[in-house]
Each structure stands twice: as C-alpha cells, then as structure tokens.
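Before we start, here is the structure in question, set down as structure tokens.
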Amino acid sequence: MNEGVVWLTIFVLSVFVGIEVISKVSSTLHTPLMSGANAIHGIILLGAILVTGSTHSTVALVVGLVAIVLATVNMVGGFVVTDRMLQMFVRKKPASEKEGAR
Amino acid sequence: MNEGVVWLTIFVLSVFVGIEVISKVSSTLHTPLMSGANAIHGIILLGAILVTGSTHSTVALVVGLVAIVLATVNMVGGFVVTDRMLQMFVRKKPASEKEGAR
Amino acid sequence: MPTWVQVVYLICAVGFILALKGLSGPKTARRGNLIGAAAAVVGCALPFIYVDHLEHVPLILGAIAVGTAGGVFGARKVQMTQMPQMVALFNGVGGGAAALVALLELNHMLDVQAALDALGGPQVDAYGWFVYAATAFTIFVGSVSFAGSLITFAKLQELMTSRPVVFPGLPVAFGGLLLGGIVLSVLTVTSASIGIGIGLCLVGLLFGVLLVLPVGGADVPIVISLLNAFTGLTVAAGGYVLSNTLLLVGGTLVGASGTFLTLLMARAMGRSVANILFGALKGGSTLGAGVASDRPVRSAGPEDVAILLGYADRVIIVPGYGLAVAQAQHTLRELVDVLGERGTKVDYAIHPVAGRMPGHMNVLLAEAQVPYEQLVEMDHINGEFKNTDVVLVVGANDVVNPAAKTTPGAPIYGMPILNADEAKQVVFMKRSMRPGFAGIENELLFDPKTTLLFGDAKESLGKLLNAVKAL
Amino acid sequence: MPTWVQVVYLICAVGFILALKGLSGPKTARRGNLIGAAAAVVGCALPFIYVDHLEHVPLILGAIAVGTAGGVFGARKVQMTQMPQMVALFNGVGGGAAALVALLELNHMLDVQAALDALGGPQVDAYGWFVYAATAFTIFVGSVSFAGSLITFAKLQELMTSRPVVFPGLPVAFGGLLLGGIVLSVLTVTSASIGIGIGLCLVGLLFGVLLVLPVGGADVPIVISLLNAFTGLTVAAGGYVLSNTLLLVGGTLVGASGTFLTLLMARAMGRSVANILFGALKGGSTLGAGVASDRPVRSAGPEDVAILLGYADRVIIVPGYGLAVAQAQHTLRELVDVLGERGTKVDYAIHPVAGRMPGHMNVLLAEAQVPYEQLVEMDHINGEFKNTDVVLVVGANDVVNPAAKTTPGAPIYGMPILNADEAKQVVFMKRSMRPGFAGIENELLFDPKTTLLFGDAKESLGKLLNAVKAL
C-alpha cells in the first residue's frame, strides 16, 4: 500500500476513535479530561529526543534541548496534575460515608 | 513502516472504532443493527470479484462465481432487508399523529 | 493499485463507519444504512475500473445479477417474524463466500510459489507465514459460519427441532474436529496444498454443525450474532490476505461490533456466551423441562378480560416471544387503538430480550405501525407499573417472572425484568400452563390478581377485540 | 526501525486510547491517566534502546530531568482555582516543542536534500511535497499554540487585563499575518529554507498573540481547549514527518477529541466557536458593559441569611465563577456540613459551564472534599428547585439568569440554566450589583423572594458560618 495512504488511513481511524471515545463523557470530568488529553500530546517529547539525538550542529542541539525541556514539562506536568485532580475525585466516596450529610 | 505492522495498526484501530460506535446503541435497534452489520461483511464480494477476475482455471472460475453469488446475496439482501425494517421505523411518527392514541 | 483507488477504498471504509454510527440511533439509521450500501457498491465497482485485465467480466456480472435477484427477492419476501433466520441465512452465505475466496487465494498463492520455485536459485517465500495463517483462518472460520448459520436457519424455520440436539459422543467429536482444524491450519502454514485447504473447509463445516446443534431454540439469536462477528473477522483476514483495506476495515468493524453486541445480549439475558454455547455440551441442557404445572389458576373468557381492559385508565402491554410465534401483532395493535379511542392510556413495555432476537419486538410492532412513542423501553417504564390498572402479557413469560428478583437459584436470576407484578391486575394470554424459555414456573401466574386467557394469542386477541368493541 | 519497536509503539498508542476511554468515566479516570502516563514513558524510552547511535544522551537525559522537575513542581504547586492557566501553560510549551521539533526536522531534511543534490545526477526529491507541507503546518500552528497559550495564561493569571484587547488596525493585522503564514507555508513546499521556517515561526507567534488578545476573560477556556486540539494536530503532523505512529495516533486522538470537546463546551454556553474567536474582531465586544444597576434590591446581613438557612428543610447551593475567584470552596463546604448536622438536606447544583473552565466546579468542590453524591448535574437537579426552601447562589449569576429562557435577544438566550427562580427563597452572595460574564442584568436579583448578601464570597461565607453555628 502507498505509504501516504497508510498514514492517511491511520489518521482517519484515529479521528473516529478520538471523537467516539470522548462523545460519551460527562461534564463532571471535563477539566481532568482536558488536562489528560493535554498530557498526551506531550508525547512530542519522543520526537524531540529523536531529532536531538541525531543532530550534529551546536545550534540545533541547543534548540533540541529546549524542545525536550518544553515537551517534558508538558508531558510530566500534564499527567501529574491530572492525577492530582483525579485523586481528589476518588477520595470523595469514603468522605461522604463519614459525614452522611445527605 | 513494516507492512505487517501497518495492517495490525489498521486492524487495532478498527476494533476500537467498531466497539466504540456500537457501545451507545439502544436495544430498540438491535435487530436492524445486526442485519446492517451483516450486510457490511458482504463486502467480501469485492474480494470474490478480485480473485475470480484473475483466475485462469475453470474449476477456480466456477468456485469464484459461486462465491460471487453467495457474497452478493449477503450484501444486497442485507442492505435491502435492513432498509425495509428501518423504513417501518420511520413511518411510525406520522402514524402516531393521525391516531393520537396517547 | 493506483493511489487514487486506495484513497477511494479508504473513503468507502469511512462510509462503513458512518453506516454503523448511523445505525445506532433511530433518526439516522436509515441514512446510515444507505451510506453503507453506497460504500459497498462503490467498493465493488472499483475492480472493474482499475484492474488492468479483469477476466470473465460478463460471467462475473451475471453472477452478481443472480445474487442480487436472490438477495432482493429474499429481503422483500421475508416476514418480520422470520428476521432471525433471514439474518442467519445471509450471514451464512457471506461466511461461505469468504471461505471460497480464501480457498481460491490459497490456490493462487501456491501457483505463484510454484512459479518462483521453478526459476531455481535460492528458496524464496513469496508470502510470509502469517499470510498462510490468515488464509487458513478464513477458510476454517468461514466454513464454521456457513454451516453453523444454515443449522440455525433450519432450527428457526422449524425444518428441524429447535430443542438442543445432543448425542453421547458429541463432546469427543467436537474436540476431535477442533483439534483437526488446528492441525490442518498448522499444516497450511508449514506445507500448504490445496488438498489441505479443502480438508480444512470440510472440517470447518462439520465443526459448525456440531457447534450449533446443542444450542436451544431461544439461544439461537446469540449464536447468530456470534457467527456474524465470526464472518466479519474472516472477511478482515481475507482483506489482509488480499492486501485490501476496505475488506480489512469493514470486516474488523463487523467483527468487533458483533462481538460486543453478542456480549451485550448475553448480559441482558443474565447468561454467559460460553454457557449458551457449551451448556448443553457439558451435560445439563440449558432449556428447562417444559412441564406444565397443574396448580390452580384463575382463568377467564375474553368477555371478562374485555371488561377489565375497557374500564381501565392505564394499561401496559407486555409483548413476548409468543406474540411473534402467533404473528398477532396486527390484531394487538387494533385492540390498542380501540382502547385508545375509549380513552385508556396504553403503552407497550419492551423488554430488551423479549421475542426471538434482541430488538425483535420493536421491529414487529413497527411493522404493525404502532406509533414509536407507545413503545417504552424497560428502564423507562418500570416505575410506572405500580400506577397501572391492567398489564396485558401477550405471549411473554420469562420477562415478567419475579423469580429473576426473588429466587437466587433460578436460571434467569439477575436478569432485569419488567415489574408487571406491581400492577393492580395482570392478564396473561398463553396457550397452556407450560413455562417459558427458561423452563421455570412463573409465580405471577398463580398470583390472586392474575387472570389467564388461554389460547393462541392471535385468536384470543381477535375475540378480545370483538368483546371490547361490543362493550 | 525494527519491527518489535513498531509493535511497541502501537501498544503505546493503544495505551493512549485506553487513557482517553478511562478519563471519560469517574471510576476509571485515574487508572486511565496512569495507563496514558505509562504509555508515554515507554514510548519515550524506546529511542534509547533501538536507535543505533543516539547522540548527546547525557544532555538529553539532563534536559528531561530539568523538564520533569519543572513539570512536577508546577503540577504540585498549582492551586485548583488556577487549573485553567496551568493547562494553558502546559499546552503552550507542548505546542512550542512541536514547532521546534519541526524546525529541526526541516533543517535535517534540507541537509539530506543538499547531500543528495551534491551527488549530481538527475534531480531527486528526498521528501514528497506533502512532508514539507506537514512540516510547515507544525511550525506555524505549533507557534500559534505556544504564543496563544501564553497570552491566555497571562490573562487568567491577571498578568494583563482579562477584558478583550482590541485596537483599530487589528482585523487588518490579523488578516495580514494569516496571509503571511499561508505564503510562507507555500514557500516551504516550493523552495524550503531554514530562514523561511524561522519566518513562519515568527509569523505564527504574532498570529497566536492576535488570535487570543480580543477574547474576553470567560471565553478563554474555550480557546484553551481549541489550542489544545491545535497542539494535538501539530503533534500528529510531526508524527507523519518523522514516520512515527505513536506521535501520529496520540496527536490525532487529542486533536479530534479536543475539537469535539471545544464544540461541546461552546454548545453548552449557547455560543459558536467562531463567535467566541472573532466576535470582538468583528466589532461588538462579546463581553457586556459590566455596568452596575441601581434598581432597588433587598439586601440582608449574615444573621438574617443564617436564620433562613438554619430552619430550611431543603437547600440547594449554586456555586459559580465568583466562588473560584474568592477561593471560598472550603468555607462553603464547612457551612454545608454544619447545615447537614442540623438536619437540612443540602445539594450542590453544578452547571456545566459554571466557573472558569468546564467541569471546574467539580474539581474545586472535590478538592474541598465535598462528597461526590452532593454534586448534582443540572439535568438531574432542575426538577427539584420547586421543592426547595432556599437556593444559595455563591458567586454565580449567568447560570441562574432567567433571561436565558425569557429574553430572546439576550446573549445567553437558549443556554440551559439552573431553575433557581422556581425555589421559595433565593440568596445571592456577590460583591456588587455588577452583572456576570454575559454583561446583562439578572431579573432574579430584583425578584421579591430574593435576598442579597453583599461582600466577597469567602468573607461572607465565614460570617454566615459563624452565624449559623450560633443559632
């Protein structure tokens, strides 16, 4: 199969997966969902490692290292902050039993 | 990319699309959904045409033609019967207004 | 294959996705189905355009014409009560076609390999082992699907008994065929020959027969759905073998969604798929004894029931398997219309697995032109039974059996049911005191507030209709 | 790239799908996020294993360490009220990284092409035009996302005004930059040079700034979500350029789901995305005038409100944007606990776009350890207002403004609202008579059954808490 068509196929199918997966989410989780999705595109770090690891010019190296730092902040920060938020959601159940405010 | 991995990728993504698309369906439509999905795999007709159109032995030709007939029955029959069912679902709205049984 | 063709195949694949998406909602379903049909037609037209020397075009077109005639004829003639067997039949021929295509492709692969070997030089494999494995898969599973579907067809069409068919050596034969299928598949990979392919086909056919024989009548729809998923996967494997994205995506979509749907249905019945398939094999038949009880019940004539219904404010109808068998949906609808004119509020409560096939009641009642809004899904109507004067249970039994809630040992325990027992009065229309599919007694039949109207649903409904009109 | 690496990349991509799937339900969300993190870590570790001569490994690891420290520090320190700006910041740096990666890749492509040309012989293109186009896309859109996100960060962090910034030449500058971006992109395809790439980057930065400047404070979350989707698409394009499935699938997932989420949010606000982005550009600012009304209202002290609440059987709290601004969620929760101990049934009514970000109220209240069951979504609680004694509106305004139902011309007309107006008594806690985000008056403030408790939400709630305790 033509290389370009392969990528197009994968792209199109991923679009459907992305939309279908999200279309059921309740608004309760919109904030963590946004930050979780945000963390996923931090995977550009992988690209940054690949280009930086194959460069030989100093300028390019510096630019590459900057890209790595930025991408890592995106990826790591995104996953950590999402986890922090979700932890709070999980904690709620037992809290309610203790209080019985309802 | 390795040809095998390409097919695997497309397969895996299609699995997710298939599951996600169906996981929201209401049981009202289970019967037409089953027959509609049934019709889709009638696309094996395309495969039957391709192999039959490139064969040179008579036995293979006969087998191929049988496959074409079977596949066409699957595909055409499936889509037609699904449409017939769905047509009845559509017809319902105006009928209710006429009667006002509720 | 030119790039544009590949792109068009991809577009057709998207068409299939949109078709499935559309089919999952009532408003978009018909358009979705048409999109799918258009995608299929475009996909099948492509080879005539881009393949350089497509042979036998007139014969191919002739075969398509024959198949089209057959498909359209069947699809037009079939009655809605016979939908399950129609789906089974269409599914079976699709599986058979996939198996034949794979056999032909195996033949072609062997030719290519032979030509390559004839050139001499170092041994080169024209196809990877995985291609042979996928071919074997398509041949075997396609044959299973073909034979299995034909047996389900025969069962549902009552060409044979719909009870589980079990014989002493069954588990051994079953295991032997499975083993044979595996061995022949491995042989296809290691030392393919057309003889092995045909052998695989035959073993698959026998295996398909033995897979479905022990399945009891009302479990058959689950098996149809499972075989549907199987056929999808064989088409996907065929797509891999033929390097065709459209077959791969289309087949995989059906395989994945079909598997999911099967599990969904099994869950709605409170059963596991393994239990349905192998329950009879393991010994205890899944179908109950079907013995009629002789405990006293209160039965009544059509006139008595007519009075009950005619002066009720709120009536809920629970249609079931027996309605489909009796083909009484049109008479039932007339009755509801007459009651509506008298000022009674009437709804149909639809249990997800009532009837012979999931969603079957919806199709039957849609055919009878029952207005959409009168069909209420279980979850939405279950709260309303307690405010209902009369529940009219037409040919249903298990779906209103309180044992699902109260008797932990019962085969239907855990299955969600319609809360007919909460209504003020319950009327059952059935022919005898025989239990429903699950084979267990229904305590609701013996409840003081229950009345039975014995007889074939269509006849009884006809009498009831006249009685109500005469009020 | 060895086959096993490609397979591992695919598995990581599946991990991302499962992460998104998990994130869409509260029970599976945390596990989903961890799966996503694991997939990302595995994916990023792969190059160190399979790339033959990966250069600068110590420096790369150092940079990763720096980034990790920064990310973890930021993620740990950020307050829940500041989540929107945090997401904006993380998103911006991701977009910036994507743009830089694409610039480096463009440089690399030019080197390869130059080496090829130096060999002499017929002109061969090492890369197709589509690769250049994708590179240009990543550089431009990544820069837009970087600059735009930084501006949204500055707005939300109040480093600059959060009102729309508009100046006379804005539409012209905007159009000029867009045109410049297109021209430079075309040049990248026809005659790429690193200078053109850098130019594209700069134009993108400026364009990003101008895109976000005219957007008003409360519209910013939508823009963040949109830029998030943008960054996803740039990462996908980067994946295409680098021939990496994981980047392609991961980026596309975020791009598609982000776009969908953006539309979902815009619809919940009754606005279109175009209106949010270009409303200010087209002239009329989307933010209302913000003028305080001087019509008479009934205001009361904390003690009066305490009596109202203390002797009510059923209270519903409507938290809003002002609660987030005042960071009053913990005090509010204490108040609810005290009321609960007194035997009052209290729930929180959560409007989907209350606060600064969709779902923001849920996060804030989760942080304050409000039990999950007390948070009720709009659709579920709207029927209960009419049986409610007191509705306590804390820093909310638009989400209870009946104009959404009654005044066809209003900017929020058509937005679903919480039916606070159906309750027996309404208490508003706000600082002044200024309108909410939409800039229109709220008739409910002047309703005879409404009482206002003026002051910062945190302070007022503290006083109210003491007063209720003293009852």
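The chains carry the letters A, B, C and D, assigned in the order they are written, with residues numbered from 1 in each.
We take it that contacts are C-beta pairs under 8 Å (C-beta built on N, C-alpha and C of every residue); 3 or more make two chains touch, one makes a residue touch a chain.
It should be emphasised that the depicted structure is a prediction, and the values quoted were computed from it without experimental measurement.
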How many hops, at fewest, get you from subunit C to subunit D via touching chains?
2
Which chain has its C-alpha centroid farthest away from the centroid of subunit C?
D
Which integer distance in Å separates the CA centroid of subunit B from that of subunit C?
14
Mean-CA-position distance for subunit D and subunit B (Å)
40
Using mean C-alpha positions as chain centres, tell me how far subunit A is from subunit B in Å, no decimals.
35
Flagged in subunit C as touching 2+ other chains are 17, 245, 249
Residue list for subunit A, restricted to those that touch at least two other chains
1, 4, 9-10, 13-14, 16-17, 21, 23-24
Chain pairs that touch, all of them, please.
A-B, A-C, A-D, B-C, B-D
Where on subunit B does subunit D make contact in their complex?
1-2, 4-5, 8-9, 12-13, 16
Residues of subunit D touching subunit B in the complex:
1, 3, 6-7, 10, 13-14, 17, 243, 245, 249
Interfacial residue positions of subunit B with respect to subunit C in the complex:
4, 7, 10-11, 14-19, 21-57, 60-61, 63-93, 95-96, 99-102
Okay, in this complex, where on subunit A does subunit B touch?
1, 3, 6, 9-10, 13-14, 16-17, 20-21, 23-24
Of all residues in subunit D, those that touch subunit A in their complex:
16-17, 19-21, 23-26, 29-30, 32-34, 36-37, 40, 43-44, 46-48, 51, 54-57, 59-60, 62-64, 66-68, 70-72, 74-76, 78, 80, 83, 86-87, 90-91, 93-94, 96-98, 100-101, 103-105, 107-108, 128, 130, 224-225, 228, 231-232, 234-236, 238-240, 242, 244-258, 260-261, 265, 268, 336-337, 340-341, 345-347, 350, 352, 357-360, 362-363, 366-367, 369-375, 377
